[in-house]
Amino acid sequence: MLTSAHMMALTPVILVCATAVTVMLGIAWRRQHAATALVSILGLNLALVSLYLVYSAGDVSTPLLVFDRLSMLGMVLVLASTLACLTMSHAYLEGYPGRKEEFYLLMLCAAAGGMVLVASQHLATLFFGLELLSMPLYGMLAYTYRDKRSLESGIKYLVLSAAATAFLLFGMALLYSQSGRLDIAGLLAGLESSGGGAWALAGAGLMLVGLGFKLSIVPFHLWTPDVYQGGPGPAATFLATASKAAVFIVLLRIVMVAPAFHVEWLHTVLGGLALLTMIVGNLLALIQTNLKRLLGYSSIAHFGYLLVALVVADGLAVETAGIYLITYLMTTLGAFGVVTLLSSPYSGEDASALHHYRGLFWRRPYLAAVLTVCLLSLAGIPFTAGFIGKFYIVALGVEAGRWWLVGGIIAGSVIGLYYYLRVMVTLYLVEPGMRGRDAPDNWGMKAGGVVVLGLALLVIAFGVYPTPVIDWMSVLTSPVH
Amino acid sequence: MILLWLVLVPFIGGLLCWQADRWGEKAPRWIALITMMLVLIMTLVLWLQGDYQLPAMNAGADSIRWAMEWKVPWIPRFGIDVHLALDGLSLVLIALTGFLGMLAVLCSWKEIDDRIGFFHLNLLFILGGVVGVFLAIDLFLFFFFWEMMLVPMYFLIALWGHSGSEGKTRIRAAIKFFIYTQASGLLMLVAILALVFAHHANTGEYSFSYADLLQTPLSENMAMVLMLGFFIAFAVKLPVVPLHGWLPDAHAQAPTAGSVDLAGILLKTAAYGMLRFALPLFPEASQTFAPIAMTLGLVGVFYGAVLACGQRDIKRLIAYTSISHMGFVLIGIYSGSELALQGVVVLMVAHAFSAAGLFIMSGQLFERLNTRDLQEMGGLWGRMGSLPGFSLCFVAASLGMPGTANFVGEFMVLFGTFPTAPVVVIIGACGMVFAAIYSLILMQRVYFGPSLNDQKFEGLDGREFTMLLGIFALVVLFGLYPQPLLDTTSAVMGEVQGLFQGSLPAGSVPMSSLAGGGQ
Amino acid sequence: MGVSMSYLPLTFLLPLLGTFILALSRGHMSERGSVWVGVSSVGLAALVTAFITIQFMSGDQSAQTLTLWTWISVGNFTPTIGLALDGLSITMLGIITGVGFLIHLFAAWYMRGEEGITRFFAYMNLFVFSMVLLVLGDNLMLLFLGWEGVGICSYLLIGYYYRDSANGAAAFKAFLITRIGDVFLAIGLFLIFAELGTLNIAAILEQAPAHWATGDSLVRWAALMFLGGALGKSAQLPLHTWLADAMAGPTPVSALIHAATMVTAGVYLIARMHGIFDLAPDVLHLVGVIGAATLLMAGFAALAQTDIKRILAYSTMSQIGYMFLALGVGAYDSAIFHLMTHAFFKALLFLSAGAVIVSCHHEQDMRKLGGLWRRLPLAYMGFIVGGAALSALPLVTAGFYSKDDILWQSLAADQKGLLLAGLVGALLTSLYTVRLIIGTFHGEMKSDHARNAEPGRGLQHGLPLILLAVLSTFIGAMIHPPLSGVLPASPGESTEAGHTALELIAAGTAIAGIALAAWLFLRKREALARLVSGGPGASLWTLWNQAWGFDLLFDRLLVRPFRILVFILRRDIIDALFGLVASITKGLNAGLTRTQTGRVRTYATSMVLGATVVLIFLAFGQ
Amino acid sequence: MNGIPMEHGLILAAILFAIGLAGLMFRRNMVFVLMSLEIMLNSAGLAFIVAGTAWEQPEGQAMFLLVITLAAAEASVGLALLIQLYQRFRTLDTDAVSGMRG
């Protein structure tokens, strides 16, 4: 009973999978790096365009998947960040001695998994999407296995992510055992009526642990810096942007759709975790000298702020989550993009130590300007998108009267200022005999360069004139609740 | 439309300077100078055209009539719009920004010789941000510019400053400056948002505009909490004593242009903020908070003075004197009498000039002796052309010598505050003795006393002479004939006083017999 | 026929112009040029004053005002830059410009060859400008402007020889103590404005009696504040310690500022604000008591000084004590009259001392001088005439008429205590004056400076001394300041009982004093030396030499604690507090980074721990 | 199904899960780490089976099928990485893989 409407709604996912298959066949036929990259980018763009058509066709809901406005938003975010990562990986993999094409394949599969996860409303699809998102990541992280660090990050991510999935599954099983229903809405309705027994709560808790790991919420965050530092540039970027965004959207859906989840006590636990994540995330990064580890910690902190949207879960919450996600994605893609560009073409270890960036402004003014804009946006200074994001989150906290969380945001962003500023100033320091790393001369012309510059301009444009995005966001999120 | 140009000109000028770096060393400097001259001329033109006598807030009418206004919707979702408005107070302060901007460019003509384009970019962005702060009437836009002007100042201190003694590097000072202001700024953001949501709660629609938020009825302690949010943000920037830690470090490490800007204009944005936002938005809360604020002002006066006497670095000494002067400003703002408020405006302008003069002097001393340590100076009187003469004039201004604008400002503040808080004024007047101590200590240690060697230094060249003469002429002009300045801001101050006084029982507090110990 | 007031501003604009020319000359002005500008500006001002005085005296001597522009106008606070001319201010103006001009002339000779003479005359002209403004101001704000201007000029002039840091310290001390006085004056101003709503002196004097009843606590506070201001500026107890050290400046400066004009500003202030003091009789009495106390304290201190300028400084202090005594008993006219005569003979004494100092190559210590009367005849003549006037030699000197008048007024106001103090003071005055003259001019020459002292030549040296000498004699006493109607009637006019008897007693004490001193210091020099070197005598001598130890007291009480406080607060402690917060964050960071061990097992354990904590919380919540 | 009540099954699965976790935490050899991961996934699968049978619904077993496929995929990638671990680090001890820290 797969009606034509279903097919229409599924086209974006189908297109991505089709691209993956074509890339696979392409590899089997003749290994051609540029062609593979081109095909995958084309495929993703097609998916994006089709997404627009599906969006205009209106909502479609099936037991397993739902294609409403929130999943549209999720898919756009996943596709956009994958596109950015792909363009960057092209420049990055130029110098890679081994096989280059499989990287694109893995990324496309991960993207498909992300899209499924975003649209899931059934435990099975949630599990399926999550795993389809994570499995290729093991491969991408350990792609340049000749370099010890990449292998190390791959192994760490595999072991811990598998453990997290086990937690998630066990949680699902317990919830299923209590409610007998696997679709999220029905599951939680069943729980509501049966008065949430100990097992159900344990199940919910374990699910929270599983998803918490993926969002690197504090007690489960220890893997993040090592994996970000070790993994190759584009892989770490994908992990920091697409995968986290997808998981967050699904968590947002659960919180928005499921009233039962409004168990007051679960919110206080989530609130506590959010506060902890903000503070610890920023504290860890205080005197960090490795830029990729620092960006890892800052992504932990930013998801601490984002959790506030989940904790409040009404009024402005969804709109704030959407806006903050967009600003976070743009900024992190920009920042990681610069790191990747500096370390491409691939020549062993990435350029992530701070002394590589000393005095970059006087060698590559525009690249350093992009990084400065991204750091300012992470810190939430006006003229950048980060400021709008922070403004929304603080507004949400104030409207909901959550003074502890608002205090946490302020303390967190103040601590954050310290290390963002420290990094920013090293870009401008002039020291004779600098051992800094340089991007290739014509980096601006290449595809990766264009994306990074575009992102920086987007960050500033969104910071100065956010109305179009805000209007689009309020349209997107209005009918959901 | 001219208001938008007032804000945009510095930013465009800054970008031009950055690019002009390629065409040679002189180009960025001239572009920066011309830009700031343009801003100054625009304000003077505005001042000559518009008359600022008309009462800004006519009785009962809800909307305040600004001298000039320019409004464009920006984020309709929250009722935020780019709302620039000009009245007497902001006009005076923007003219001050223009003038001090020119000074900053002039005094770093020889001092900055590497990365000149980028230096002027930052310098002009600071000035653009400050002009934005003075014009913004929409609270979001105000906060936007308030936070935005910190970044270029941070770069100015971190990249062109000179490192202080024993490990106090300029980057630490820059970061300390940034964090102090940013953290307090965030508190203000929370206060603004709480105010907006309170407004939304009873009128149903979001609005950040100044006129609407003036009418939001707030419960007693809610108003106090929000007022504190605003007050702390402005107290850090003013600076008020417990939160002043950043100023001496920032001044000691900043280049001369940075110090001139910092002391001249950035401190005034805080006082402007209090007069524009903290007082009118929460009149009752400010009224109950007034005694505490005045005591903080007093503490500031004495604490700044005592520390100034103990400093070895000349720029730190001048920084602490600014803390002492700003103590008087705080007393004047919270006294709630129109005379004191007018005195605050004069004192702000006077302090801007005298602090700028002192910092330019210390910059020129650094250029000649390349040290800022008072221990290594002494007996410089006859050996530097007319620089000592000008320093004597600025030191006289800073200790409040009659005939200078500082005296007029300080005394108007004290005269105005006496009926409401006599004890505060009496203790404040004793502060004048301390002002004499630190000012003359500066004079004695640098210029008088035995000189280490009799090496003659070259005197002031044309540029430096005209700069110092210009500032001193203005200080004396406003000291002897401040009326034009007072007329421009009389309407605004009357309105602020009306709002502030409105909450007080009718008439000023009866003069209880002094023997009874006053307030 | 009124005075043509439009010329009046010239009296202070000319010195101001002089200062500008000298200041902006940026060192290109030759010595002759700067002397010429400096002296002529004050000279012209003196001429203008003379012209105005003639017009004023011939007219009906009524008060006139001229307003140049409103200084500030905010609500009812509208001080103006306005000048008021009446008997009192014309007298003071005459003294300032007249004596000022003579001193400037003498300074041209005194400062010949000094480096930075342009700077000297610039400050002197600025001083005359401020003093004239102080005297002519029609409102208290303008008076305060002159008041502070005079203070800063005295600071600059005392610290003129800036190379030696002791002079700097003396200047700093002078400015600081007068500044404390200014604070009291400022508070007085605030009080008056808060109560009467105006700062115009005429308006205040007219509204004060209506606004307050006599003895009202507020008017007593106002009077007390004005008294505080006057004490600071006129170096009376307890704010007097700066005057002795102020002698570090060049002698013409001491003559002009610390004898003739600035120190009398306090007397002028009390005289001008007599309306306020009349409403607070006990404060007025306090003025008299302070005058008497300072008079005695300074008299004894002058006896034990060795530096001729310090003796003259303490003598100035005691003569101003007499003026305060006169004010205390309500004899405003006689106070001003004594002020005028004192200006003449004290300026003469200082200039003669200046002549001696320059001739003896800047040797000021009396113990090193002596036997100069033959070598420096003009200086000796100056000292004789000035000394006589100072110790009020009867009938011949101006001092006799003015001091005797004060003693008579205090008798008429039956203030027995004050009269007694005055008489003892007169005795002390003649004692130390004669000691000074004998010590400096008679006996054998005690150093080679004294031996080859060559006398001053030229008009600039001689003319001021001669003119002032003439004015110190009874001719000077004939100049009666036109104070009729300006100041309230003094007690002496009503009764004449005992006037002649008092005159005889006063003359007797003066002559007895002179005779006793002559006998003591000519015959009994060794006995005195032995007395002073032994036990109690020595301690008494040092006590007087240290001016009753006030300096030591203030140093222990105020200066030392302030220095300690400054030393403690050198490193900003509040800032260190915030530094604490920063170090806590760094500590937390260090702690947390230790959790990042890098081992997979640790990460897994932390995950499990996290899970258990979440589960416990959830169970706990149930 | 009146046989064994569901809770027993769930408790068994929980115990199995706990064993897997313990293995993950204490064992250093990569092989045993992978094995404990397998145990944890299978315990989740068991829980699904027990729940499915309790509610007499096929979903439980469908989920179990998914879990098995995942476990297999996980194991294969894990072993591949294990081989590379041995190639690069000449040891199977996961503690050797801790180059990045702090």
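Per-chain residue numbering starts at 1, and chain names A, B, C and D are given in the order in which the chains are listed.
Going forward, contacts are C-beta pairs under 8 Å (C-beta built on N, C-alpha and C of every residue); 3 or more make two chains touch, one makes a residue touch a chain.
Bear in mind the structure is a predicted one, so any value in this text is a computation, not a measurement.
Distance from per-chain Cα centroids to the pooled protein Cα centroid is smallest for B. Remark: chain B and chain C have CA centroids separated by 37 Å (rounded to whole angstrom).
Chain A and chain D have CA centres that are 26 Å apart.
Our note on geometry: chain A versus chain C, Cα centroid distance of 79 Å, whole angstroms. A straight line joining the Cα centres of chain A and chain B is 43 Å long.
Across the assembly, chain B contributes no residue in contact with two or more other chains.
For chain D, the set of residues that touch two or more other chains comprises 21, 24, 33, 94, 97-101. Chain A has residues 155-156, 159, 163, 225-226 in contact with two or more other chains.
Looking at which chains touch one another, you get A-B, A-C, A-D, B-C, C-D.
For chain D in complex with chain A, the touching residues are 6-7, 10, 13-14, 17, 20-21, 24, 30, 33, 37, 40-41, 43-45, 47-48, 50-52, 54-55, 57, 59-60, 62-63, 66-67, 70, 73-74, 77-78, 81, 84-85, 88-89, 94, 97-101. Every residue of chain B that touches chain A in the complex is listed here, in rising order: 74-78, 114-115, 118, 140, 143-145, 147-148, 150-151, 154-155, 158-159, 171, 174-175, 178-179, 182-183, 186-187, 189-190, 193-194, 196-197. Residues 21, 24-26, 28, 33, 94-95, 97-102 of chain D touch chain C in their complex. On the chain C side of its complex with chain A, the touching residues are 585-586, 588-589, 592-593, 595-596, 598, 600, 602-604, 606-607, 609-611, 613-615, 617-619, 621-622. Residues of chain C that touch chain D in their complex: 593, 596-601, 604-605, 608.
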